[in-house]
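Listed after this line are the structures, all set down as structure tokens.
Presented sequentially are two complexes of chain A, the first with chain B as partner and the second with chain C.
Let's look at the complex of A and B:
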């Protein structure tokens, strides 16, 4: 077996585990910049997996998608988020409403839950159980990060993790959607992050803080 | 080509209007582009009427349902553009808040909504619905006040998460189609899916899973309870013409997306599952929204909750099904959009002359601003579903459908809700109309163009309440055929 086949097989076999590790580390992370790096790592793992799939399936479209993931999710979005963090000059704390240990335990629970959920589907559709579970876990983890972290930027990161989950679900079940659709989704994502960044600055300028749990003028 | 033109006009308009530094020029460019867009839409609707289905390339497609909703958006755009001429006097010159930015974003918003209607593929549809959020978020936060920024942020985050669920649902349907042997390259085109739908029955669970996610996802955008939290804030904090557009065009746009999925799901696994889900969302929405309408203090929030209630009624109409139910639902989307625009326009004029939208601080409207008051009364009666206004007809159709389908619980709930809504609107409106004016005299007099728009809405509501013109009925019929 050549080196490339070996790498591809390894990437397919172990990417789910690495994704779980990034999730647990994200739950434990106390600084926003750590979370950004973890998000970038997570996307890089997914890119590796897509490359492996592309190699196994000899599909040119999959190579293009992998390139998109690397450009948009591994480099561009994390870079933009770092710029925002730097320009905001605000504290780096994620302002979690659960303690670090609690978060890690909740995250572990979510991962177990996602395995429990996907088993019947994986059986009937004859799909890889680990990756499907990883996709659902990313979805749940993103939602968890969004509700438990009070900083506006962490909500953006939570959303990105959630989106990664959906992307992984598409990838493992159907080997991705048609390329044009994929490009459109990436474009939307990029614009969404750009706009959210804009709003983060506006929140800072009008409220002089970034704690979204204190945004409660509009109720009822 | 006809279809491409529909997208090119607003897109170019959005770019051109940005170069106009003086407000007057921006207004003129916007009106010209709006007129051009009307012509383009009329042409497209005409083409669709004669050809049935119009297709451009692989990604643009329009049929009877599209034509119906295109007409809706054309009417709303025209009303909003004319109303904005007067309303723009309020926009202070800020970095992003000037008339040219307002118009540019409005045209971009229109562009994305029309793109939703023209998408031939469910993936494209998703991309376009998500872009409507992105295009309108800046408009919601346009005033840059604390409330507006908060509403914009909430809108952006809640809707993006909601729509992400719809993407998951779309993928699930795609998977079901691919597993059932549809060619992966075209397994997202709704025309292909419609034909292949009976074959999807083998992957029943996946189709169900997909519809649940899509209903929650696009339901967030439609404003179904319990995913409605963004809606009142966004409607209340956006500039008034945009509130009208959100309520009258955007909600219908999301509803259109759900309708496409509903039709495919019904063809694949029977209508029982998807329609029950819609009935549940509909019942929840009308009940919660009606009760919350009673306790509202801000006029625009009251209207926003009324939008949730009406979207619930539309969901009920589709959920009950049958030609009458669906016809009622489609007609109701159109009627509601006109009545709600009228209400938002009057709310804008109230803000202009009273400087507030707090209903408790507004008194003596009937004497000091008779025309606006007349608009308010007509609008309130119309959205409460009183005859002789158009919404009475569509609500009556939905109720009749409910009784004929022996859905007595839903029919009675709907009747109860309608009476609560009527009481709430009457209570709020009469308190504003009666009494003596306590605030300082009028700050700004509304322009004739604003009254003209209100007049057009009123005329529509009365005419369509008495008899529906044949051309329109024909259009409605063609939209209905697509859904069956």
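Let's look at the complex of A and C:
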């Protein structure tokens, strides 16, 4: 077995586990910049997986999708988020409403729940159980990060994690959408991040903080 | 031949334990831009303490002198359960990993009793903190070992190590990853390193282990310090044995016997440098954040056990 075949097989077999590890680390992370790096890592793992699928399926479209993931999710969006964090000059704390241990416990529970949910479908549809579970876990984890972290920027990161989950679900069930649609989704996502970045700045300028739990009344 | 190796590896663990501490202290000093003491310094310290007079507080009972002896004896016994040079151990057939964990607990229990017997308020404070940390660290340590034991289909340490050493490092189950994460967090708490406890401090507000041994002096203190060093080496050897035992002598050929100690010393050195780097780059946690730290270890350990059923 050649080195590339081996790497591809390994990427397919173990990417789910690495995704779980990034999720657990995100739950434990106390700083926004750590979460951004973890999101970038998560996207890189998914890119490796798409490359492995592309290699196995020998499709040129999948290589293009992998390149898009690397450009947009591994580099561009984390870079934009880092710029926002730097320009905001706000504290790096994610302001979690659960303690670190509680977050990791909940995240572990979500991972187990996603396995529980996925097993019947994976059997009937003959899909990779681990990857489908990872997709559902990413969805749940993104939602959990959005509701439990009070900083406006963490809501953006939660949404991005959630989007990663949808992307992975599409990838594992249908081996990816047509390239045109993928390009559209990525463009949407990039614009979404820029818009949310603008919103975060507006929130800071009008309310002088980023704590979404305190956004209770309207201000002109 | 096997018996000789068993005895040698247990003695090796006890003998090099102070050296491990010395190496960690030296690397830390280097990171902080100091020259640092020689790596042999802990041996000199032990020798000095053994020659000194043993002062016992007037209020203390016989337990005060007995506690360090029991602690040392129990820790050395525990060291004989750990496979170091080959996947077998001196007491490997006599007990499982549960006995190993609770041997360490017995030692800790007597150290806490001795600390309270000393009569100073610091001793009591250190003992109560130690009780908190050890109660919280016990569950994740046992669960992490259980998850690995389920995969190995055995409860003995040597069986667990043997099953890992036979596997291809590139095809290890995901369970090992989660169990390793939990075990590293527990190991930091159990051995009293930063961010849970600072072995170099004598600050009243933060010390745990140092507060317990404050009343001890002379040979008693030497036994406690040596036992503590053995415990650090033992837990490092356990991590190496369960998660990275490749290089151990699985046969009795000359090449394997030469390679095994070299591989072990190399892995121990890597771990010692890792400890030094972690200790130099992190701040100590507030006492009330320690349960949170160990809670993460528990979550990881539970996930590891659950994954033994989910993933192969």
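Just so we're on the same page, the second predicted complex is superposed on the first by the 217 of 220 C-alpha atoms of A that agree within 3 Å, B and C clash if a C-alpha of one lies under 4 Å from a C-alpha of the other, contacts with A are read in each partner's own complex, and residues count from 1 in each chain.
Definition applied: a residue touches a chain if its C-beta (ideal position, glycine included) is under 8 Å from a C-beta of that chain, and two chains touch if they have at least 3 such contacts.
Since we're looking at a predicted model, the values are computed, not measured.
Once the two complexes are overlaid on the shared chain, A:94 sits clear of chain B and of chain C alike. Contacts of A:173 after superposition on the shared chain: chain B is touched, whereas chain C is not.
In the superposition on chain A, A:102 makes contact with chain C only, not with chain B. In the superposition on chain A, A:21 contacts chain C only, with no contact to chain B. Contact with neither chain B nor chain C is seen for A:145 once the two complexes are overlaid on the shared chain.
Legend: residue contacts after superposition of the two complexes on their common chain; A:196 is shown touching chain B, with no touch to chain C.
Within the superposed three-chain model, A:111 lies in touch with chain C and out of touch with chain B [touch as defined at top]. Looking at the superposed arrangement, the partner reaching more residues of chain A, out of chain B and chain C, is B. Chain A uses no single residue to touch chain B in one structure and chain C in the other.
The touching residues of chain C, counted against chain A in their complex, run 170, 174, 177, 181, 291-296, 298-300, 302-303, 306, 310-311.
Note for the complex: chain A touches chain C at residues 10, 14, 17, 20-21, 24, 28, 99-102, 104-105, 107-108, 111-112, 115, 130. Residues 121, 124-125, 139, 143, 146, 152, 155, 159, 162-163, 166, 169-170, 173-174, 177-178, 180-181, 184-185, 187-188, 191-192, 195-196, 198-199, 202-203, 206-207, 212, 215, 217-218, 220 of chain A touch chain B in their complex.
Listed in rising order, the residues of chain B touching chain A in the complex are 59, 121, 123-124, 126-127, 130-131, 134, 137-138, 141, 144-147, 149-154, 156-157, 160-161, 164, 167-168, 171, 174-175, 178-179, 184-185, 188, 205-206, 232-233, 236-237, 292, 295-296.
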